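One chain, chain A, appears in both complexes that follow, with chain B as partner in the first and chain C in the second.
What follows is the complex of A and B.
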C-alpha cells in the first residue's frame, strides 16, 4: 500500500522532470553562459572580472538604437498587419459555401512552408527583374527593370514584411478560424434579433471571443519576427540591420574581444522581447475588458 | 455583400498564396529567361540535375535534415507527452511556474540561448555533432509539443483507460491500445509542427553544426540571393516537398479540430 502511495506521489514530478530538465539545462544553461560572458566572464580570452562596461558600450552606440528600432518596427508591423488580415479572412472562411473547404486548404498552405522557401519566392516575385516587374513591362506600366519600385534590399524592408505576412496571416488565421467555427451562429442571431448591426455584432460578440486566440497567436508571431535572423539578413539592407543579425555578426567576428559585446546585445534583445510581450499582454487584456 | 467579400477572399487567397510559389516552379525549369519575357525562352532540366548531383550537396543535406528532424520529433514526444499530460490532467504545486518555464523558449529569442549554448557545447565537445545540433533544435520544439498536447489532454477523458486497467491491461497495453488512439490526431499535428520547426532551422544549425553538419537550409541559403535563380528555385522546391506532404496529412485536423489549435490560445 505504501509503495502505491509513493508511486502516486512521484507520478507528476516524474512526468514533468524530463521536459523541465532539458529546458532548464539547455536553455537555462545557454542563458547563464551568455549572461556570464556579457558581464565579463569569458576565461577563454582571460576575462574573469565582473563589469557592465560592455552594456554601456553597446547602449551608447547609436547604431544599436537604430537596430533596436528597426527590429521593433518590423515585428510590430508584421504582427499588426497579419492579425488584421487573419481576422478578415477568418470572418469569410467560417461560413460554408461552394469551394470553401478547398479555399481553406489553399489558405493553410503557407503554414508548413519554411521561411527560406518563402524568401526565395518573394525575391523571384518582387525584385526589379522579378515576375511582377516583368508583368508591369508587359502591361506598359514600366519600360525597364529600374522603373519598378525597389522592394528587396530596401530601407523600409518591403520584401521582409511580405515574407512574414505570407507566413503569419494563415497561422493567426487558423487559430481564429478554429475559435469562430466552435462558437457557431447562435449568439450573433440573438444579437441580430435585438437589432445589432454587423459592426456591433463583430465588436461586442465575436471580437471578445476571438481576442484570446488573436492575442496568443500574435504573441508567438511577434516573438518570432523579433528574433528572426535569416530573413532580415537575406532580404534587408546591410546597415541598419536587426538586433539578431547584429549580435551574430559581432559573435562571428574573428576578434574574440567582441564576444562580450555580442552577448550584451543578445541579452538586451532577450530583455526587450520579454518586456514588450508582457506589456502587450497586459495592454491587450485591458483593451478587451474596456 | 457576402458574395462580394467571398470573391475578394477567393482572389486574394489564391493569388496571394500562389504568386510567390509560381516563379520558383517556372525558374526551376528555365534555361534562358530574359527580361521582360513572362515565360522562359528556353527550358531545361539542368538545375534539377544539378540539385540531385553530389556536388550540390542537396541530397546529403536532405538526409541530414531528415535524420535530425525525426530524432528531434522522437525526443520531443518522449519528454513532451508526459509533461503535457501532467499539466493538463493534474493539479500540483508550482504548476503555473512549470507551465511558464516550458513556454519561455517561445518568447526569448532563440539566437540568445544558442549563442550562450555554443560556448557550453564547445566545452562539452558537442559542437559539430549530430547530437549537439539535435539538442539545440529541441529547445524551440518542446514548448510547441507541450502547448498542443496539453490542450489535447485537457479534452481527453480517462474513463476508457480506467476500464482497460480494471480489466487487467498492463500500463504499456493501456497506452498503446487506449491512450494513443485517443490522442493520435492531436499528436500528429504536434509532431508535424515539431518536425517543421527542426526542418526549417538555419542559424542554430549553422552555429552549433559549425559547417560540419550540413542540413538543407544551409545548402539553400547562399543560393537565395545568388545569381543562379534556376538552381535556387530547384533546391527551394526540394526543401518544401516534405512540408507540402505534412500539410496534406494534417490539413483536416488544422481546420476542424479546435482543440488542437486551441493549444495556442493558452499562451
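What follows is the complex of A and C.
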C-alpha cells in the first residue's frame, strides 16, 4: 500500500526526469560555462581571476544599446504582426469552403522549413544578383542588376522582418486554428441570436477563447526571434546588427581574448530575455482575466 | 541478349573488386616511402607511421566554401591516399574558426581522444592554438617530403610572423589578386591605389570589399596599410602600438573617404562568399581573393563571364602559404602525417599547379622536384585571366605579423564599419 503511494508520488518526477536532465545537463552546463567565461574564468587561455570588467566593457559600448534596441524592436514587431496576421488567417481558414483544405495545407508549408533555408532562399531570390533581378534584366525591366530594389543587406531589414513573418504566422496560426475549430459555431450563433454584430462576436466571444493560445505561441515566437542569429546574420547589414549576431561574431573571432565579451553579451541577452518573458507572462495573465 | 551482357558485367565487376582488394592490401603501392628526417612524437620510424596509418580514417577539417576545392580534395587526395596507404580521408568542410572552437572545447572538457586529425589553418588560428599548446608536434620538418621544403624561407618558417617550428606543414601557396570585369572597367586595370580611388569616385556603387574580420576583406585593408606606409616593412616585426597609431588614422580616413562611393554607399559590406556572384552579375566591377587562378576556374565553369581578368597592384600584393596542422588530441596523428606528406609529393604538387587541375601556386620551388616535373610545369598553358607565376612572384609581398592583423581588424570595425 505504502509502496503504491510512493510510486504514485514519484510518477510525475520520474516522467519529467529525462527531459529535465537533458535541459539541465546540456543547457545548464552551457550556461554555467558561459557564465564562468563571462566573469573571467577561462583556464584554457590562462584566465582565472573573477572580474566584471567584461560586462562593464560590453555595457559601455555605445553599439550595445543600439543593438539591444534593434533586437527588441525586431522581436516585438515580428510577434505583434505575426499574431495579428495569424488570427486573421485562422478566422478565414476555420470555415469549410471549396479549396479550404488545400489552402490550409499551403498555409502550413513554412512550418517545417528551417530558418536557414528560408534565408538562403531569400538571398538567392531577391538580392540584386538574385534570380528575380536577373530575370528583370533579361526581360528588359531593369538595365543592370543594380537597378533592382534593395531588399536584403539593407538598414531597415525588410527581408529579415518578412522572413520572420513568413515563418511565424503559420506557427501561431496553427495553434489558433486548432482552438477555433474545437470551439465550433455554437457560441457565435447564440451571440448572434442575442444581437451581437460580427465585431462584438469576435471581441467578446472568440478573442477571449483564443487568447491563451495566442499568448502561449507568441511568447515562443518572441523568445525565438529575440535570440535568433542566422536570419539577421545572413540577410542584414554588417552594422548595426542584433545582439545574437554581435555575440556570435565576438565568439567566432580568432582572438580568444574576445570570448569573455561574447559570453557577457550572451548572458545579458539571456537575462533580458528572461525578464521580458516574465513581464509578458504577468501581462498575459492580466489580459486573460480581463 | 540480356544474359551474356550480364555475365560480362559480373566478370568486369569481379575484376574491379579484385583490383580494389589488391590495391587495398598495398600490392600496388609503389611510391617510394622514404625515411623520417628527424623525430616525431610517438613513432620510431616512417615505416612505423605508415603501419599505424594503414586502414585508418583521417578526419580533415578544412574550409569548405569552394566546391572546386572540395571535389579536388576528394579526388586528388582522398582517392590517392586510399590507393597508396589504405587511408580513408574524411573531409569535414567548415569555417576555420570552428576548428579552433572544437579543439578548445575538447581541451576544456578534458577530451584526450578528439575528433580532428588534420586541420587546414591560417596564421591567426595557428597562433591561437600554438599559444594554448593544443597542437601535436613537432613533426612537419621530419616527414620524408619535408626535404622539398625550404625552411630557411621566412614565408615558410613563419606563418603570419609566428614561428612554425615543426607544428605546421605547407601544402599550397596563395597570393592576393584583384579581379575586374573588363566590360565595366575596360582593358586597363587601375593598378595603383590612386587610379583605383579615381575609378571608384568616377563609378560610384561598383566597388566594395568583404567586411572584416573576413580574411579577404582583412588582406585588402592590409594592402591599404602597406600603401599608406609606402611598403610592408613597418608591419613585419612585433606589433608596435606607436607605429600602428602613426599609420592607422590615414588608413581609416582613406577608407571612410571612399565609403560613400562603394556598393550600397558603404551602408553595408558583403560577405566574401557572395562577391563571386555579385561580380558575375555586374552588381560590382571588382572582386578580390587569395586565389590567382580562381577567376580562370570560375570562367571555365561558367560562373564568371569571359570578360573577367585579374591584376596585381604595382606596389605588389600579399602572399602566404597554406598549412596543415594536427591537434594535440588527434586520434590518428600517423594518418594525418601520411596525408600531410602526400600533399607535398611531386605527384600531388603537379596537380596543384596545373591550371586545368587546382591552379594553385606551389609552396615548393620547382627546382626541388624532378626534371619531368619542371618540364611539365613549363608546358602548362595559362588561362588569359591568370597572371603568370613570374608576374606574381615579382609582386609578392610578405604578410604582416599576426598581431597586426588582429589590431587592423578591430580598428576597421571601430573606425570604418561603426562610423
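Just so it is clear, the second predicted complex is superposed on the first by the 247 of 290 C-alpha atoms of A that agree within 3 Å, B and C clash if a C-alpha of one lies under 4 Å from a C-alpha of the other, contacts with A are read in each partner's own complex, and residues count from 1 in each chain.
The definition used in the following text is that a contact is a pair of C-beta atoms (placed from the backbone, for glycine too) under 8 Å apart; a residue touches a chain by one contact, two chains touch by 3 or more.
Bear in mind the structure is a predicted one, so any value in this text is a computation, not a measurement.
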Chain B versus chain C as contact partner of A:118, first or second or both or neither:
first
Quick check for you: in the superposed arrangement, does A:239 touch first (chain B), second (chain C), both or neither?
second
One more residue to check, A:195. First (chain B), second (chain C), both or neither?
neither
Thinking of the overlay built on chain A, is A:146 touched by chain B (first), by chain C (second), by both, or by neither?
second
Looking at the overlay, does A:255 come into contact with chain B only (first), chain C only (second), both, or neither?
second
Of chain B and chain C, which one contacts the greater number of residues in chain A?
B
Between chain B (first) and chain C (second), which does A:134 come into contact with in this model arrangement: first, second, both, or neither?
both
Overlap of chain B and chain C contacts on chain A, residues 33, 44, 123, 129, 133-134, 145
List of chain C residues in touch with chain A within their complex
95-97, 100, 104, 107-108, 124-125, 128, 131-132, 205, 211, 213, 264, 267-270, 274, 277-278, 280-283, 406, 410, 413, 417-418
Seen from chain A, its contact residues with chain C in the complex are 33, 43-45, 63, 123, 127-129, 133-134, 144-146, 150, 153-155, 236-239, 252-256
Show me the residue ranges of chain B that touch chain A in the complex, using the header's touch definition.
2, 5-6, 9-10, 12-14, 16-17, 19-24, 27, 35-38, 78-80, 82-83, 85-87, 90, 92, 98, 101-102, 104-117, 119-120, 135-136, 138-139, 142, 146, 192, 196, 199-200, 202-203, 207, 217, 220-221, 223-225, 229, 232-233, 236-237, 239-240, 243-244, 246-247, 251, 254-258, 260-262, 264-267
Looking at the complex, which residues from chain A come into contact with chain B?
11-12, 14-16, 18-20, 22-24, 26-27, 29-35, 37, 44, 89, 91-93, 95, 97, 99, 101, 103-125, 129-131, 133-135, 137-138, 145, 166, 174-175, 177-179, 181-182, 212-213, 216-217, 219-220, 223, 226-227, 229-230, 234-235, 244, 247-248, 251, 262-263, 266-267, 269-270, 273-274, 277
